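Each of the next two complexes has subunit A plus one other chain: subunit B in the first, subunit C in the second.
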Partner chain A sequence: MILHTVNRAPGSHAALQQCIQALSGPAALLLIEDGVYGATPAFTRLFHRLDGTVHCYVLAADLQARGIDALVDGRFQVIDDAAFVQLSLDCDKMVAWY
Partner chain B sequence: MSTPDKQLLVVVGAGPHNATRARDALDLVLTSAAFEIGVGILFRDDAVYQLLPQQQADAIDAKSLAANLQALPLYDVEQLYAPRSALEARGLDPDNLLLPVQLLDDNATAALLHSYGQILSF
Partner chain C sequence: MKIAVLVYGSPTASSAAATAYRYARAAIGLGHQITRVFFYGEGVHGASALAAPPQDEVNWGQRWQQLAQEHEIEMIVCIAAALRRGVLNQQEAQRHGKSAANLAAGFELSGLGQLADAALNSDRLITFGG
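The block that comes next holds the complex of A and B.
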């Protein structure tokens, strides 16, 4: 399983779209840093093509830092840093979409 | 040369003058190749601009990556890929690049990521 991370906001960067276009399960997609804006309802349309083999996560601290922890789309599981580490161990390789 | 699942894929997204990321990626590729580690490169996003010929980096007192790129075939690094969409979005002609790259549609890019044993992103 591949862990894909995105740390750019989808409103100003194409990283999230490029990631989703090149993503096929089984995979985990984790939004971190400014990437967490992608978990807000405004961008749910970007995730429509993803099926059940792709699990979406978003990092709690980055949400709280940006005051959007109440806006997270239901598709995303909010995880803490420890769970991020565990996720990176569970996956056999990682792609960072800078 | 080992099978892809034992090889390293370097995914680079930085443009030619986003110096550290682009240069670090190429340095890693050349080092891996020197140690007989099978390595491939996926030029995504602005990294496809690295492949434009006639870059005159000295115009801005910068060093060109062209020399490093052109060293790749000498190190037997021939697995060069780029998403077709990255070139098209930037109006680049695949036949007019520093090096031949294999153009991938979205599904092929996804398959490529799954096929390599390890991936490092820049």
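The block that comes next holds the complex of A and C.
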């Protein structure tokens, strides 16, 4: 399984859209840094093509830093830095989209 | 597990240095080993000893120095990326006729072979883009 990280906001950069287009499961998608804006309901439609084999995560500290931790779409599991480490070890490889 | 970290992002224009640092601390906290941190592209600015951010901002170069010292982490800076951005050690400053060197203590200039080696000899290579 591949871990994909996206650190760019979907409103200002194509990284998330490109990542989603390239994704096929089983995979893990983790939104970090400005990428966490992608976990808000405004961008839900971007994720419609993903099936249940793509697990979506978002980094808690980056949500909190931007004050949007209460706006996370239900598709996402909020994880802390330790869980990020564990996720990166549970996956065989990592692709960083930025 | 052995984990290598690759930092592409500038310490001032991106969050890459901060996220990578938090990741490294969390990994160490879970008992894993950070074998090497490789600074590439704009990430090399984090190795400048001359960076003087305001007191209410984090000096990521210093944070990496402390973490590396505490946990014996190799911090390699891509030499080609560093030279073109004005991050030089004493030897390169002399070679290129520059009046000063600014590579911070604890960082080492080296080539991409060190990145390949880190990828081969670590269980994971984790990239933080700019």
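Keep this in mind: the second predicted complex is superposed on the first by the 98 of 98 C-alpha atoms of A that agree within 3 Å, B and C clash if a C-alpha of one lies under 4 Å from a C-alpha of the other, contacts with A are read in each partner's own complex, and residues count from 1 in each chain.
The rule is simple: contacts are C-beta pairs under 8 Å (C-beta built on N, C-alpha and C of every residue); 3 or more make two chains touch, one makes a residue touch a chain.
Here the structure is a predicted model, which means the values were calculated and not measured.
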{"item": "Subunit B versus subunit C as contact partner of A:24, first or second or both or neither", "value": "first"}
{"item": "Subunit B versus subunit C as contact partner of A:96, first or second or both or neither", "value": "both"}
{"item": "Subunit B versus subunit C as contact partner of A:32, first or second or both or neither", "value": "second"}
{"item": "Comparing the two partners subunit B and subunit C, which touches a greater set of residues in subunit A", "value": "C"}
{"item": "Which superposed partner A:7 touches (first subunit B, second subunit C, both, neither)", "value": "second"}
{"item": "Touched partner set for A:88, first subunit B, second subunit C, both or neither", "value": "second"}
{"item": "Which of subunit B and subunit C A:70 touches, first, second, both or neither", "value": "neither"}
{"item": "Which of subunit B and subunit C A:61 touches, first, second, both or neither", "value": "second"}
{"item": "Contacts on subunit A seen with subunit B and repeated with subunit C across the two complexes", "value": "94, 96-98"}
{"item": "Residue numbers on subunit A that touch subunit C, as the complex places them", "value": "5, 7, 32-34, 59, 61-62, 80-82, 84-86, 88-89, 94, 96-98"}
{"item": "For the subunit A and subunit B complex, residues of the former touching the latter", "value": "2, 14-15, 18, 21-24, 93-98"}
{"item": "Complex contacts: residues of subunit C adjacent to subunit A", "value": "1, 3, 8-9, 14-16, 19, 22-23, 25-27, 29-30, 32, 123-130"}
{"item": "Footprint of subunit A on subunit B - complex, ascending", "value": "11, 13-14, 21, 44-45, 83, 85-86, 106-107, 109-111, 113-114, 116-119, 121-122"}
